[in-house]
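As structure tokens, here come the structures.
You will see two complexes here that share chain A, one where it goes with chain B and one where it goes with chain C.
Coming up: the complex of A and B.
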């Protein structure tokens, strides 16, 4: 029997889960493959978090500092999990370092990767045109407080976002909606309009999925205060004409073809299971879903249990998730992991 | 000092939070104003849960049975909370029964009410026409396995859902998107098409907010397998013509007026703070948001803390939430409440 909980993945979900376990009185060991904690918000250069615009680096630093302040929480960076044996209450977790750890439970928090817009189809010419960027490319510019057209080095006069790149798309196998891209594009459009007031901003979308409070936190301010133009339309091509880009498609509200010049085109790339998430199914002996994310075994009334007793998952390892989803499911996973270990230790229930 | 956690509200969020606290080794006391647990899924007669179509009553009975199996979990029905004094770690909770309870922490799980479609405006004539129903009226029919036009007692030949009734609507002050109605309408349309195969089903929407996996769990099957027709259009009136209803509005994709006969019109009524949620702000001395839901004090990286230390909130008391959001935030709230009580007891951190 072991009282420790091993948490795999050092992004927001993993940090929150590891801190949660420690706050509930059990030792947590957080395993991160990279050299530092922070996950996608740090490594994809996020500027501000959606929807409240906190500085991403400060927010992650604060989370990491909270974790580091817990004597019960241990962090191992530059380490991956290579195997799992035993059973709930008495797992042995093998590490890439050659060590092995005893653990009562395991929490998978290996997250997502941004869709690679060059994979399979190249209709948006991401790798060909320097002024076609992804959400995270623009985040890096926003983080540097300098929004510039890459080919000219000047601020853009016209910028647009193309929604659902790598989402809601059967041709490439990504059938799901990635949930957060409508909110992130809207957040970015607000930031661009604030940094480059003369720049016109357009968002081409299929459905604006601004659920819950995002409607009033982002969607209405973007339109009313920041004059972002939302156009229901499907962009089928991005072309170069002279020294400008042209986006081409159909304006579905107006029912007519659409061809608009742009200085910068931002591809709202969706969420895919990260390499770590895809590999964890095999390493840990848990069921993935058909897309390669971790399958929640008993949704909707249990959101974090997997097919293997004692192994839990949280955050975007389970599928598209916003930060609030991620933090809530990480807290829930910490609670379920600690409860399971306590049950084993106390020999009750 | 008290080790107990008082949970207010006996729906999915409260049951999950109370069970979570008990599983983490502390006593939980669940306070429910009605005569039994189950919350909105039971009292609004839900048939099947979104998106996996489990029987709602069976699912809630299973949750309640799990809670009742915990010796550390106590349930008080027919009881409301009338006051809170003291501070985190040593609260005194006053009850409508005249008793008071000592509690280390409090979790608010008082949920939502369905929007009343007769409030303020009557453009859909809900109280005038018997064949205009709400989502929960239709749930009751689905639960009875009998979908019938109220005025004729016959199965409908044409049924439609009008989305965003009481949501995304500044005129009535409900500015938020209620998040779940697109999914619930789609679930219901699938169920109606299965029970009444000859019935045509239409969903009139502004944006289909089928985020994450709902896209493939509900939206595509509804269209492809069950031939539900989705029409982007805003319905401005429901009228009677002869013995049928007529919905009138604008088909925004086709850019033309729309007038369609229907046997039944289902109003996809959104979420509002429940009476209990609205009153808890005053009773517990916590900040509501401008809509009357409980304000999360530190989102997005803390989803369940309120403005008063030691008082947490979860589920739809915080705002529009689907069942998975609710269960995750309930688990997170249980964890944070137990951690806080433990910290007080152990005098550490």
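Coming up: the complex of A and C.
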């Protein structure tokens, strides 16, 4: 029997789960494949987190510092999990370092990847045109506090976001709504309008999906205070006319085609299961869903148990999730993992 | 279409005018035969409008479309609040668009709008800006605004003729300019009861009812001026404020308990606008004065009619009074009240509010049917014999509407005051008494 809980993935979900386990009094061992903790907010160069606009680096550093302050929490970077044997209460976790760890429970927090717009069937020309960017490309600019049209080095006069790139699409196989892109596009539009006040900002959408308070945290202020124009109708292609981008689509409210020049086009790319999430399903012997995210075994009232007893999942490894849902599910996973280990210990006493 | 293996696009010509089935079409119409590509969203007209005081909420629209099905103008045309926002977003300047003069400020859109886009504030602000910028104002409205400025009433009549209606009342009506002194109620007659022949009849009926109730009241005679609420909503805030100064100066010279008026527009001015300028008067719509006292009336003549009632926008939706008129109608012996599909909060506008009273020509050239005609048809569908009203704009509007709809032979338009008076025995009873 082991009291330790192994947490796989050092992003927001994994850090929170490892901290939670330690706070509940059991040792946690956090395994991260990269050289440092922080996950996607750090490695994809996020500037400010949605919807509260905290500085991403500061927020993640604070999380990591909290974890490091806990003697029961141990971190292994540059390490991946290569195998799992045994059963709940007495797992053996094999590592890429050749070591193996004894663990009572395992938590998977391997997150998501951004959709690659090169796979999009619409002609968005992401790899052809320097001024067509993704959400995380613009995040990097926002992080550097400088929004510039890549081809000219000048601030944009017109910028637009194209929603649902790589989401809600049977053709591509990504049938889900990625949940966060409407909010992130709105957040970015607010930031761009503040940074480049002369820049006109447009969001082309199929439906705006603003969960709960995002309505008044992001959508309404973007529209009412920052004069972002929301236009119903999606962009089908991004072309070049002369040296300027032209977005083409249908303005569905007017029932008319649109063909509007833009300096910058931001593709609101959605979430896909990360490579780590997909490989962990196989390594750990847990069921993924048909899309490759980890399947929660007993929804809706148990959101973090997987098909293998003693293995839990949290965050975007379970499917598209915003940060608040991620942190919540990480706490739930930590609680369930600790409870399971403790029950095992009590029974053996 | 495919021709011999080649894809040939249909060829579309745009000509300045064309005749189709004998109907001449202007370029505006035949441009619709081809798709027009939207080449820009220059939303600056939206930003300019939103920058006006009172108009900021135009930018709040998120395009849900709840307003459009309840907009009375949209039912007969292509106008709707969401569409106004959309056109502004696309760069069409409302200040130069016919839409500017189509809103009747009926308030039904605001009732359903989840973002509180307030067309009742936006439209007057936009119209004021258009007037200030020297944009074209429909001549019919311009004429009324000038008449109001010159004569103190929308009909351009002499102030001396304000109390002409009292002669036919058959009961004494105290004119406070001739018989000064305190009264319980100041009867603010407003323009259409003062000057319109059908308004005279309602005013006289109301005077007889007041007489029977023994209510102590007086009128301002030639000193009365319109309260100008519809002129305000048509964009002439300056004229409204000028009138208000004059009205307040007049009111301050008289002693009265409360003001009673038949005009929901004047009522709205006194109840909701004057207080914003620091002028507070107790004001009642005439139905609110009568409803609590209806049991004191001795009805002698059962009417045996089916009546449907049209809620005035500025009494109902804008000021929340739906019950007083109905209590009066239900008290009349023999009268059966039938409600129309659209009533109370969802009452359909007669088209007269917000300056619409003086924009019939403009509205007619941008809609398929006058709102009053549409409303009269709805009234006739109920099987009612009488369309009862309690706004002085409506008797004339709906009588014209009934003629246009061809239902004037079976649907009479009567003010509630007239119906009450008929059931009380009318002028004959007063004469006999």
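As a working rule, the second predicted complex is superposed on the first by the 344 of 349 C-alpha atoms of A that agree within 3 Å, B and C clash if a C-alpha of one lies under 4 Å from a C-alpha of the other, contacts with A are read in each partner's own complex, and residues count from 1 in each chain.
Throughout what follows, contacts are C-beta pairs under 8 Å (C-beta built on N, C-alpha and C of every residue); 3 or more make two chains touch, one makes a residue touch a chain.
Bear in mind the structure is a predicted one, so any value in this text is a computation, not a measurement.
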item: Contacts of A:33 with chain B and chain C, given as first, second, both or neither; value: neither
item: Touching partner for A:220 - first (chain B), second (chain C), both, neither; value: both
item: First (chain B), second (chain C), both or neither touched by A:229; value: second
item: First (chain B), second (chain C), both or neither touched by A:49; value: first
item: A:202 touches, of chain B and chain C: first, second, both or neither?; value: second
item: Which of chain B and chain C A:188 touches, first, second, both or neither; value: neither
item: Which superposed partner A:257 touches (first chain B, second chain C, both, neither); value: second
item: Which superposed partner A:305 touches (first chain B, second chain C, both, neither); value: neither
item: Shared chain A surface residues [contacts with chain B and with chain C]; value: 208, 220, 232, 253-254
item: Chain B residues touching chain A - in the complex, by the definition given at the top; value: 12, 16, 20, 23-25, 49-52, 59, 62-63, 69-70, 168, 175-179, 207-216, 220, 232, 252-255, 299-304, 319-325, 327-336, 338-339, 342-343, 346, 349
item: Parts of chain A lying in touch with chain C, wherever the complex brings them together; value: 200, 202, 208, 219-220, 223-224, 227, 229-232, 251, 253-254, 256-261
item: Of chain C, residues touching chain A in the complex; value: 35-41, 43, 46-47, 59-60, 62-63, 86, 89-90, 115
